[in-house]
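Two complexes, one shared chain (subunit A), two partners (subunit B, subunit C).
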Partner chain A sequence: MTRRLSLAPWTYGFIVALAMWVVTSAYSGIDSAGATLSGALAFGAFSVVVGTGQMFVVASGPGNIDLSVPSVLTLAAYVSITVMQGSDGMLLPGLLAALAVGAVAGAANFLAIVALRLPPIIATLAWSFVFQSLAFNLGGQATLKPPAGLSRFTLMNLGGVQFMPIAVMVLTLVAMVVLKRTVWGRQLLATGQSEPAARLAGINVARVRLIAYMLCGTAAALAGFLLAGFSGGAALNMGDAYLMESIAVVVLGGTSVAGGQANAVGIWGAALFFNLMSTMLNTFGIQAGVRFLLTGVLIILIVALVPRPRVR
Partner chain B sequence: MSDAPARVPARSPSNPRSALLNAMQVGLPAIALLVMLAIIFSIRPAAMSYFGFHLLFKLSVPLVFAALAQMMVIMLGDIDLSNGAFVGLITCITALYLGDAPAIAALCYLVLIAAYAGLGLLIHARQLPSIIVTLGMSFIWLGIAVILLPAPGGSAPAWLAAFMSWQPPLMPLSIWLAALAALAGHLVISRSSYGVVLRGAGGNPRAVQRAGWSVVGIRVAVYAAAGLLACLAGLTLTGLTTSGDANVAPAYTLLGVGAVILGGGAFTGGVVSPVGTVVGALTLSLAGSLLSFLQVPPTWQIGAQGVILFLVLAGRVLLSERAR
Partner chain C sequence: MMNDPTSPKRDAAETVNADGLLIEVRDVRKHYDAVHALGGVDFHLKPGEVVGLVGHNGAGKSTLMNVLAGTIERSSGSFRLGGREIGAWSAASAQQAGLRCIFQELSLCANLTSAENTRIVHRSLRGLGWRRRARQVIGPVLDEIFPGHGIDLDRKVADLPIGERQMVEIARAFTQTSIKLRAVILDEPTSALGHEATEQLLAHIRRAAGRGIACILITHRLNEILAVCDRTVVMVDGKVVAERPTAGLSRAALVELMGSIERPRERTAGKVASVQAPVIRHAGRDTTDLTIDVGKGEVIGFAGLDGHGQRERLRAMFYASRRQREALPGAYVAGDRGSEGVFSLWSIADNLTIRSLNALTRGGMISGAAARKLAETWSNRLNVKAPSIDTPILSLSGGNQQKVLFARALSSDAEVIFLDDPMRGVDVGTKQEVYRLIRAEAENGRAFVWYTTELEELTNCERIYVFREGRAVTRLEGEAIETGRILQASFGGDHV
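Right, the complex of A and B next:
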C-alpha cells in the first residue's frame, strides 16, 4: 500500500470519537470527561476483542465473515462460568475452557465451509444456531455467579487507569505485529488479496484460513469470559449486540470487506466512536429510535465519504 | 420441480446429464420439504388435510416474500442485511396508518421503496460494499420504526387480517401465494429475456454494460423491486400478527439468505432461482414445526434447525460433486 498524504481511512473513527467526547464533556461539564472516556474505553474493549478476531476472518478473502461470534461468546461465557463454579481458584481452568470452546468453534466453522463448500455466511450462521442451543441447555440450570476475582479483574484500577482496556490495547499491538511481521500475518493478507496467487506462491491457504477462524472464535470466547465477569454473570442475550457491531467496527476501522487488507488500530477508533456516540446521545436524553437512526446515518456517511484504497 | 438453476447463459449446462443434476440441485430443498412433510404426516395423519396445511404453512407467507426480496439483491452479487428491520418498519406503518389513513400508508410505502432504489444508486455510484451500507440501513429502519411505534401495538386493518385468514378453494392461502410468487419469479427472472439481463448484471456487469444496458438503471430497479417484495412481506406479516412491532422480524434477514442459498443461489452474483428460493423459505419455516412434532425439547430446537440446514446443504455438495 502506498503512503498517502491525506488522512488514512482508519483515523476517521478516532476523529469522530474525539469530537463526540468533546461535545459530551462540554454539555455535561468538564468534570465528567474522565468518567465518559473510561466508560467508553471499558465497553469499547469488548468490541475491540471481538472485532479483532472478526478482522482476521474478513481479511482472509472476499466473502469470509463469522456470524457465529455472538453465540460463541455466549457459549464460552456459560462454559467458563460452569467450570469455575464461582471459585477464584478455578480462574485459569475457566479461562482455558473458554478459549478451547472458541478454538473448537472456529475450527468447526472452517470445516463446514471447506467440507460442505458453503459460503462462510451460511456455514457460520448454521453453527451459530447449534452453539446457541448448547448455551441454552447449559444456561437452563440455576444462574451461576462469576468468581469475585474475575469481576475484580475486569474492573481493576491502577492509579485511576483501568487495567482491562490497557490489556486489550496490548492485544491490539500484538495483532498489529502479527499482521505486519509474522509469516502467518503476511500469508493471511496474501491469501485475502488473491487466493490463486497465494496458492501458487506455495502458501497453505486452507491452514491460513483455519487459523484465522480459530483466532476469531478464540477472541469471541475471550470477550465472553471477560464480559461474564464484567456484567456479573452470563446471560443468553449477552452476545446479541456484537453480531452487527463486530462487522461495523472492522469495516469502519479501515479493513476492506474485499479482504487482503487489515487494520487493527482502526478498530479502537470505531469502537470508541460507537460507545461515545451512545453515551453522547444518552446525555442529550435522546430517545432510542433517534439513537438507532443516527447510528445508521453515521455508519453510512463514514463508509460513503471516507476515501478507500482501491483493492480490486 | 423442473427448474434449472438460473445461470448466466455462457455457463448453462450443455449436456443433458449435468442439466438433470442441476435440476436435482434445485429440487433438493423440495425433497427435504417432502421428507419433512412425510415425517409430520406419519406422526399426525390428521395434519394431512386442508386445515393441517393451513396451520403448518401459515407463517411462511411473509418469509417467502422476504426471501424473494433478498434473492433480488443477491442476484446482483450484493447482500441485504437490513431486510428484517425493513419488514419490521413496514409492520409498524401498516398497523398505524393503513386502517385509518390509507393514503398516508401508501405514501410511506412509496417513499420507502424509493429509499431502497436510492440505496442501490448509492452502492453503485460510490462502489460501496453492500454488506456495510445495508448494515447501516438496518439501524435506520429500526430507528424510524421505534420512533413511530415505541412499543408493539397498533392494529392491522380488518380487511388485511381477513385476507390472511381467508381460506380459498383447493389449497390454503399460504400455498397459493407461494405458488404464485414462485411462478411470477420464474417467468420474470428465469425465463424472460429481461431476466437474462438482470442476472447478467450480477454475473458479468461489464458484458451487460457493453451490450448497451444501463447497469445503474438495473441496480436501481432491482433494489426497488426488493423494497416492494419486502413491503409485501411486512403487509402479510401484519395481517398474521394483527399488530405492528419494530423488532418482529430481525430473523428474516438471515433466514432469507439461507432460503436463497438452499434454493440453489450463490453469492457470486447472477446465480439465483426464484422457485428454489420459495421452496427454501417453505423448508426453513416448516423445520420449526417438524421439530415440535418430533418432540425435540425447545432448548434443542434452534440447534436442530442448524443441523437441518447443514444436512440439506450437504446433499447439494454431494450432487454437485457428481456433476463434475
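Right, the complex of A and C next:
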C-alpha cells in the first residue's frame, strides 16, 4: 500500500466526530465534555462490534451484505439470557451459547446464498424474519433480565476508564491483524476484488465467504450478549438501530462496498460520529424527526465529500 | 446520405473511382503501444465483389475489419471509399456510407426485440408506428435470407436462442431504408448457425453480390470461402501475405498459404522426453476426445483455433488437480489479466504472494519479511519494470502485469503450471524472457500445460494437442510439431 499525504477517507469520521464533541461541549458547558465522550465510547462500542462483522461480509465482494444483523443480535441475546437464567455462574455458557447462535446463523445465511443462489440481500433478509420469530417464541414481548454479573461487566470501570470500549478496541486491533497478516484475511480481500481471479489463484472462495458470514453472525451475537447486560435485558426491538448503523459505519469507515478493501479502524470514527451527532442534536433540543433528517443529510454529505480511490 | 453542400462532389459516395473500387486502403497500420496488430495492409473491394479473409487467430483480420467499420481508429495509412479520401472515420459515418458489419460478438441489444433493434440502425424509422414499419423492414429480409426461420420479431433478443439471434443480426445488416447498402462485412457469421442456415446465408451472399452489394467474409471454415468468394485474401501476423482468385484454389493450397510464411524455426524443446509415469492423466469427455498426459518436466501445448475448448479443458485440469486424493499443487496463469488475473487494488508484492501465503506463514501469521523477500526475489528474476514492489499493479504496463502473474505461479509450490494464452498482447522482449524461464523451470522438473493461440510458441512444447470443436483431436510430438500439421488439424476435415 502506498502512503498518501492527503487524508485517508477513514479519517473523516474521526474529524467530524471530534468537531461535534467540541461543539456539544461548547454548547452545554466544558464540564460535560468527559461524560459526552464516555457515553459516545460506550454506545459506539456496540456499533463497532456489529460493524466489524459486517465489514468482513461487505469486503468479501460486491453485493455481499448481511441484513440479518439485528435479528441475530436479538436472538443471541434471548438465547444467552435463557441459558443464564439470571445466574452469574452461567455467564460463560451464556456467552458460548450466544456465539454459537451467531455462527450458525451466519452459516445459514451463506448456505441460502450459495445453495439456493439467492442474492445476499434477499437471503439474509429472509433469515432475519426467521431469527426474529424464534426470539419472539423464546421470550415473547417481555424483557428478560440478565444476570447482575453481566450488567456489572458491561459497565465496569478501571480507574475511571470504562473497560468495555477498551476491550472492543482490542477487538478492532485483532480485526486489523486478521486482515493484514492472516491467510484468511488476505484471501478475503482477494476474493472481494475479483472472484474469478481469486479462484484461479487457488483460493477456496466459498470457504472464505462462509467464514466471513459466520464471523458477522458471531459479532452480532456478541453485541447482543453485551447489550443485554448493558441495557438491562433482552427486548425484541433491541437490534433495530443496528440494521442501518452496521452498514453505515462500515461504509463511512472507508470499507469499499465494491469489495476487496476493508478498514477496521475507520469503523470507530464512524461509530463515534453517529453517537456524538445524536448527542449533539439532542443537546440542541432538536426533535427526533429533524434529527433523522439531519443524520441522513450528513451521511450523504460526508460520503460525497470524501475523496474516493478511482475504480478502473 | 452525406449532406455536405461545400463539397462539389456531393454524391461521391454514390460512385466508384476510376479503378472501379468501392474500398481501397493502402499501408494501413494499427499498433497498441509496442504491439502491431496491423503492419501495413493493402486491401481493396469492388462493388458486388465477395472477398474471403482467412488467417489464424491474431492475424489481424478482425482489426482490419474494425478499421473499415470505423470501430477502431487506424494509426496510419490511407483509406479511400468510393474514390474519396477518408480522414477521421467512425462507426456512425460508416453506417451513413452504407457499410455494415456483423461482428463476432453479437451486437444486438438483448433487452429489445428484433424490430426495435432494427430501428437502432435506421434513423428514418421514426414517428408514430415506427415499430410496425421496423417489422416491415426486417421481416422480409429475414424471410428472404432464411426462409422458414420462424422467428417472432416481437420477442426480446435475450429470449431467442443463439442461432436465431445470429440470423437477426445478419438480416439486420442486409436491411435497407434511406441509405443505400454498399458493403457488408461478415465476421465469423456461421459459427452459431446450423447447417441449413449456413447454406441459406451463403446463397444470399451470392444474391446480394448480384445486386451490387459487396461482401467480406471472415470464417475459419475454408469450404465456405471456396464456395462463395470471388477472391481470397490471406493474412498472417498483421499483414496480407497472399491474394488469389478463389476459382481453382484448393483447401490444401489455402492452408499452405496460411502456414508457409512462418519462418522455419530452430526447435527449442526438441527432445521427446522419455516416457515416464504422468503426474496428470486427464481423460477426455468421450472416445473422440484424447486423454491428456502430463509428465514431470514436460511442456505440453494446447493448439487449435481460439474458442475450441482449450480453455475449458485447461480449467477442468486445474480444478481436477486440486481435487485429486493427493492434491497436486498447481498454479494457473490467466490470459485475461484484467478480469481473471490481477487484484487491482493491490501492489505488486500483494499480487505476487497471494498464491504462496501458506508457505509464508510463521506461527499462524504471514511473515511480512518473508513475503517481501519472495516478492523482491521473483520480481527481480522476472525483470518486472517498476520503481518498487509496493507499486500498484495497475500502474504497470500489460507485459509487466503479466510478468507479476507469472511470478505468482513460479514462486509458488506448484508442480504443474497451467498457462491460459498468457502472452496475448505482450511485447516480444517479455515473451523471450518468459520462454527462457519456462524452459529453465521445466528442466527443474516443473510441468507446464500451455494453451496458446500463437503458433510459434508451440515450438517450445514437447507435445501438443490440437483442439477442434471442444475436443482434443490430434496429438503431435517432437518433430511432428510443425505449422502445417497444426493448421491442418485445426481446420479439420479432409487430408491434404
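Keep in mind that, in the parts below, the second predicted complex is superposed on the first by the 305 of 312 C-alpha atoms of A that agree within 3 Å, B and C clash if a C-alpha of one lies under 4 Å from a C-alpha of the other, contacts with A are read in each partner's own complex, and residues count from 1 in each chain.
What we mean here is this: a contact is a pair of C-beta atoms (placed from the backbone, for glycine too) under 8 Å apart; a residue touches a chain by one contact, two chains touch by 3 or more.
Every value quoted in this text rests on a predicted model; they were computed, and no experiment measured them.
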{"item": "Contacts of A:Leu92 with subunit B and subunit C, given as first, second, both or neither", "value": "neither"}
{"item": "Partner chain(s) touched by A:Ile30 [first = subunit B, second = subunit C, both, neither]", "value": "neither"}
{"item": "Touching partner for A:Leu158 - first (subunit B), second (subunit C), both, neither", "value": "neither"}
{"item": "Subunit B versus subunit C as contact partner of A:Ala248, first or second or both or neither", "value": "first"}
{"item": "Subunit A: partner with more touched residues, subunit B or subunit C", "value": "B"}
{"item": "Touched partner set for A:Pro196, first subunit B, second subunit C, both or neither", "value": "second"}
{"item": "Touching partner for A:Gln261 - first (subunit B), second (subunit C), both, neither", "value": "second"}
{"item": "Contacts of A:Leu67 with subunit B and subunit C, given as first, second, both or neither", "value": "first"}
{"item": "First (subunit B), second (subunit C), both or neither touched by A:Gln187", "value": "second"}
{"item": "Residues of subunit A at both interfaces, subunit B in one complex, subunit C in the other", "value": "none"}
{"item": "Residues of subunit B that touch subunit A when the two form their complex", "value": "79, 81, 122, 126, 128-129, 131-133, 135-148, 150, 254, 257-258, 261, 266-267, 299-307, 309-310, 313-314, 317, 320"}
{"item": "Partner subunit C, residues of subunit A touching it in the complex", "value": "1-2, 177, 181-183, 186-187, 189-190, 193-194, 196-198, 200-203, 260-261, 309, 312"}
{"item": "Footprint of subunit A on subunit C - complex, ascending", "value": "318, 322, 330-332, 334, 339-347, 350, 354-355, 357-358, 361, 364-366, 368, 390-392, 394, 408, 412"}
{"item": "Partner subunit B, residues of subunit A touching it in the complex", "value": "63, 65, 67, 112, 115-119, 121-122, 125-134, 136-137, 140, 244, 247-248, 251-252, 257-258, 287-300, 303-304"}
